[in-house]
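Dropping the structures in below, format is structure tokens.
Look at the two complexes coming up: chain A is in both, with chain B in one and chain C in the other.
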Partner chain A sequence: MTITGAWVCLLAPLAGAIAITLAGTRISRRTAAYISTLTTFVAFGGALVAFLGLWATDHGDREIVSTAYTWLESGDFRVELQILLDTLSSTMMLIVSGVGGLIVWYSMGYMAGDDEERRYFAYMSLFVFSMLMLVQAGNLLLLLVGWGLVGLASYLLIGFWHHKPEAVAAAKKAFVMNAIGDATLALALVLLIWETGTLTYLGVFEDVDGLSTTTVNLVALGLLGGAVAKSAQIPLHTWLPDAMEGPTPVSALIHAATMVTAGVYLLVRASPIFEAAPDVQALAAILGAITLLVAGVIALVQWDIKRVIAYSTMSQIGYMFVAAGIGAYGYAIFHLMTHAFFKALLFMTAGVVIHHLGGEQDIRKMGGLRGLMPRTHLAFLVGALALAGIPIFSGFWSKDGIVAAALADGGALGYSLYAAALVGALLTGLYTFRLYFTVFRGEPSDFVKEHAQEDHGEGPRSMLIPVGVLSVLATIGGLVAIPGVWEPFLHWIDETVEPTVKATVTQDYATSAVAVTLGLVGFLLARRAFDAGRQLVTGPAVWRVLEHKLYVDEAYDALFFRPAAALSTALRRNVEEPLVERSLDEIGAGTLQVGGEVARAQTGLLRTYAIALAFSVVVLVVVFVAVR
Partner chain B sequence: MLTTALILFPIAAALVVAILPLPRETTAGLALLAALMEVGLWITAVTQFDFDDGSLQLGTTREWVESLGISYSVGFYGFSLWLVGASVVVFAAAIGYALWAGRERTRAYHALMLLLLGAVVATFTAQDLLLFYAAFELMLIPLYVLVGVWGGERRQAATVTFVIYTMAGSLLMLASVVAFGVTQGTFSLTAGETSDNVWIFLGFAIAFAVKAPLFPFHGWLPLAYREAPVEVAAVLSAVVSKTAIYGFIRIGLESFPEPADDLSGLILVLACAGLVYGSLLAFRAPDLRGVIAYSSMAQMGLITVGVFAFDDLGLDGAILQSVAHGLVSASMFLLVGMVERRCGTSDVDALGGMARGRPSLTTVVLIAGLIALAVPGSATFAGEFLIMAGAYDQGWGYSVVVALGIVLAAMYTLRVISAILHVEPGRAVRKEALDLRPGELALVLPLLLLLLGLSVWPAVVSQSAFAASTLAEILP
Partner chain C sequence: MDGPDVGWYLVVAAILFGIGALGVMLRRSPLIVLLSLEIMLNAANLTLIAFARQHGDISGQIFALAVMAVAAAEVAIGLGLIVAMARRGMLLDVDQASALRG
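The block that comes next holds the complex of A and B.
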């Protein structure tokens, strides 16, 4: 029953995607939307059954592997289609299918009337299936399959409005940067095959102690490369802001709640490997800390409502990387979950706003929406409070747990991470409330008055109910891990991955006091700036550097894309065309000419063949003479 | 017996098609029927084949010229059975495409295609070197004529270049065949004779390197793939190129274990060079055919890396990838042909925006393209992963190059997809350009369904390509 639930969870969305694809235009757009939503909720039901079944199992037995068949086999090497159900994967299944179901449902209203709605829902279902494959996989190759397929679905959905050149370019960029991560991940797997002979998690983790330091470090680096690319951490982060070209529910589902957190899942899932390679694990934490600061600063200068939230996502995933990097695995997953709630909520309320304003995303044109959209305003405020880590909202519990763990970790690294995380808390307060005030407070702008569609209300029910559910979750979703009082969530995750660092209750509450203060300072500064009509970042030079995302895109362009393109063109011009393609032009022409003179009735073709045959006889004679 | 039937049936069908004075459509239909029956014959062969048995199966051996040690000997091993399977399926699709496109001089055209099919099957099954040579040569003659007569504007130049390159390779191979026969006293491949003569090996290796083609023996490739009728290009890239892989394994590795081992470094470097070089040129080729042509070269480099990895992972991966690439490259070429017929060009700049209002074309191009770029979970991914893992045995650098190849493949294949489907319609894309019609879908969908099936269960090929006893024989 338990494991059947897990298989249903995995396969229901796939069935949905296939059904919609095969049905084509025979079903209405609405039916396609219902199929997709329903199958995702069926998956959630399956996940729930699996979770409850696991809950009812004895402590030691909460690790079930179920194998369907052998997917790939060569010699002694075999990879099976198998799922691993344990406390970690069951939690991820609930998050993915639950939040996924809500967002697909929301899409029904958001995408209503689009030309290619059916294709959209087929892609969404494909994505949910792939993401479930990623978290349920029982071995690393299957994880890589899910890993690649979520990247594929992301490519398809970012480029969903395929007539827009920016959307297509963004989709390609996302795919290629993720392919780089896929490649390093695949190389790590190759090493593991040769060193341990298996790719199953349990098999690899057993053998990990026997590996040499170099090997473990290389494997961990390969995995980290994949995680960094997928989770848009520095230095492979530039694709995420561009990915906002896709429809807003896509940003909510893929680029906030689920796919981009896959890197965190991998760091936690493969923690035995990372613990054997402590330097690489520390590197993950450092990259996370850098990302959370840089993305937090860049978020201050963005004008596009979705891009602000996208940079916030990068920054929050940075927190999760810090947690996974210092060994606070439970908190990494906890923040992953609360972030899925409040970030999906923020994107979805942003979507409602964008919808309401006829597709406008520039916050300079917004303002004063509080009065016009009271329910949306409230939902957004909940999301903002959770994001900024204000007490009792979900983000408060999870983020402060990470900051406290950094303090508990201690040492130069721990204290640096602690400082970075606290600065990050301030930045979060700043960019979150800059966005909130600009969009919702003040007087309605002219643009808003002109475009606000009165009859439109705040969107259809299919959009408002998911927003409502997520608002509740973003508010109370953090109450499953109250330090020192009630921590069932952490105990649940700890069963699969034992944390290597744990903050004391004193450290927890002391950290919270500081972090909340910093969040509130951020709020107040943002408010003062808004009241004064100022921006938070002043100085045109700084602004320009930040607006260009520290010129990383330009640097990659100059360092990789252009040289590759130039090399390619140079090879074609200087090697392929003159040396390879034209090598025979003269010989060919000569042959034709000779042939033409000998017998005009025949084609040059046959003559070439005859000449060649004559040559062959000569060569044969030479060979015979030489061999005898 | 069944092997002989698989060789002779298409040749006999070619004769029938050539002789019977039937109307055009009937002739082409007859050819398609023959190709489909060939697929049926192959399925029969699969049902009778025992994949655990490493010896030659379904074969026939008759002494031919006893005094010289020449015999008519044909039969199947697991891996050749899979290669033939990919071939017969691709040929059926290609002949179907020719029927749909309505090639001129129908009888000659279809007779040549069927003859080519017979020659390909003979090449994959020959167990005597002279027979192999004869079959290898027999493939070339219909190809020369198909490109030279039915090709595009520059077909003459394409054919001449193709003839010169392949003839040069063939001559070297003929010399090697004779030298092998003379030194070993037999031409039989089943006698288990091995040679340690590097020069004889090189003759074979260069012939296969031209056929594949490997860098830098690919001079014939850009013109031939651009000028050939599109279904002939499909056959060239999907099927004919794989005879080189077959040759590398069956003759290179099995009959020349020592020279193959000694020179594996050189071949691996050339294969890797071809993988990177082909990928880079594909990335900037100005036309769709060019992209697919160079990507095919890159893929052949990759598969060759698998062969010369000298381990079961690499070899199994090479066969899996040969089958998968055969199917996907044929699909891509046929799709490009369908786009060309609508737009009159395959220039990347002139195309685009075809996704809107053409759901069938969109779906099919996306599936084919995404499998071509080896998205994880696809059969091509499984093959590439096995090759990447196998190559590690020869040096980690080769695995890294294969990984680089995966990233480059993503870059050039996404370019193809976008060039056809995305952004605003290009200047060659007219409103009247229709979506794929059922007839066209019927040509491409079977290939794609096979690929999807193979993606769900790649082990069906990888685990049965080589029986354990065969591998023990091949590998050092």
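The block that comes next holds the complex of A and C.
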């Protein structure tokens, strides 16, 4: 029963994707939307059954492997199509299918009237399936399959509006950046097969102690490369802001709630490998800390409502990397969950705003929406408070847990991470409330007055209900892990991955006091700046650097793209054209010429042929006789 | 064994073959060319049968029969071609039929 639930959870979205694809234009757009939503909720039901079944199981037995069949076999090495159900994967299943179901439902309203709605919902179902495959996989190769498939679904959905050149370019960029991570991940797997001869989690984790330090470090680096690319951490982060060209529900589902957090899942899932390579694990934490600062600063100057939230996503995933890097796995997954709630909520309310204003995303044209869209305003405020880590709201519990764990980790690394995380808390308050004030407070701008469509309320019901549900989750979702009082969530995750660091209750509440103060300072600064009508970043030079996202895109352009392009141009000019191309021309011309000469022997006169034949026979006879 | 020695047969066959080959190479009328070809084939047949008799082996004779069948087929096609040429009013001259010149 338990494991059946897990299989239903995995296969229902796949069935939905196949059904929509095969039905084609025989079903209406609305039917496609219903199929997709329904199958995702069926998956959620399956996940719930699996979760409850696991809950009822004894503590020691909460690790169920179910194998469908042997997928490939080569000598002693075999990979099976198997799923692993434990406390970690069942939590991820609930998050992915639950938040996924809400967002697909929301899409029904958001995408209504689009020409290619059916294609959209088929892709969405494919994505949900791929993501579930990723988290349920029982071995690393199946994880890689899911890893690749979510990348594909992300590519397809970013470029969904293929008539927009920017969307197509963004899709390509995301795909290429992710391919780098996929490659390092695949290399790590090859190394593991080479050294241990197995890819199942349990087998690899048993063998990891027997490997040499170099091997473990290389494997961990490969896994980290995959995680960094998928989770848009520095230095492979540039694709995520551009990915906002896709439809807003896609940004909410793939580029906030689920796919981009796959890297965190991998870090936690493969924690035995990372613990055997402590340097690489520290590197993950450092990359996370750098990303959370850089992304937080860049978010201060962006004008596109979705891009601000995208940078905030990078920043929050940075927190999760810090947590996974210092060994606070429970908090990494906890923040992953609350982040899925409040960030999906923020994206979806942003989507409601964009939908309401006829597709406008520039916050300079927005303003004063509070009076026009009171419910949306409230939902956004909930998301913003959760993001900024204000008490009671979900983000408070998870983020402060991570910061406190950094303090408990101690040492130079721990204290630096602690400082970075606290600065990050201030930045979060700043950019979140800058966005909030600019969009919702003040007087309605002329653009808003002109475009606000008052006749149909704030949006269709299929958009508002999921937003409402997520608002509730973003508010109370953090109450499952209250330090020192009630921590069932952390105990649940700890059963699968034992944390290596744990903050004391004192550290927890002391940290919270500091972090909340900083968040409130951010809020107050943002309000003062808004009231005074100025920006948070005032230096024009700093502004320019931040607006260009620290020139990382330009640097990659100069470092990788242009040398490669110059090299290929040079090769074309100096090798392709003179050698390959011309030699082909020469071969053709030479053949023609020889053919022309030989053709003269072809006189068309029968008697010449007969004479030539007879003469040749005579010559042959003479030769044979002479040789013998 | 009765009759002349096999060498004599070979001499006759060589002479016949030479006549036929010269006919093919020198004459311009397609009919004569065809006839000369037949002579060459029969020269070959003669050698086959001569050797068959010398070795007391019947396969040479059977092979000669096969050559006759081929020759008959060839004549049928060749004569058909010549008739077709004549019907179209073409000169019956193999040097004139040189459309396949390279």
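Keep in mind that, in the parts below, the second predicted complex is superposed on the first by the 594 of 628 C-alpha atoms of A that agree within 3 Å, B and C clash if a C-alpha of one lies under 4 Å from a C-alpha of the other, contacts with A are read in each partner's own complex, and residues count from 1 in each chain.
Quick note on the criterion: contacts are C-beta pairs under 8 Å (C-beta built on N, C-alpha and C of every residue); 3 or more make two chains touch, one makes a residue touch a chain.
Fair warning: this is a prediction, and the values are worked out from it, not measured in the lab.
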| item | value |
| --- | --- |
| Partner chain in contact with A:Pro165 - chain B first, chain C second, else both or neither | first |
| Which superposed partner A:Leu567 touches (first chain B, second chain C, both, neither) | first |
| Touching partner for A:Gly246 - first (chain B), second (chain C), both, neither | neither |
| Chain B versus chain C, judged by how many residues of chain A each one touches | B |
| Contacts of A:Gly383 with chain B and chain C, given as first, second, both or neither | neither |
| Footprint overlap on chain A, where chain B in one structure and chain C in the other make contact | 603-605 |
| Of chain B, residues touching chain A in the complex | 141, 144-145, 148, 156-157, 159-161, 163-165, 167-168, 170-172, 174-175, 178-179, 182-183, 216, 218-219, 222-223, 277, 280-281, 283-285, 311-313, 316-317, 353, 355-356, 359, 362-363, 366, 370, 375-377, 381-382, 385-386, 388-389, 392-393, 399-400, 403-404, 406-407, 410-411, 414-415, 418, 421-424, 457-459, 462-463, 471 |
| Of all residues in chain C, those that touch chain A in their complex | 21, 24-26, 28, 33, 94-95, 97-102 |
| Contact footprint of chain C on chain A as seen in their complex | 598-607, 610-611, 614 |
| Chain A - residues contacting chain B, complex | 21, 24-25, 69-75, 77-78, 115, 119, 141, 144-149, 151-152, 155-156, 159, 162-165, 168, 172, 175-176, 179-180, 182-184, 186-187, 189-191, 193-194, 564-565, 567-569, 571-572, 576, 580-581, 583-585, 587-588, 591-592, 603-605, 608-609, 612, 615-616, 619-620, 622-624, 626-628 |
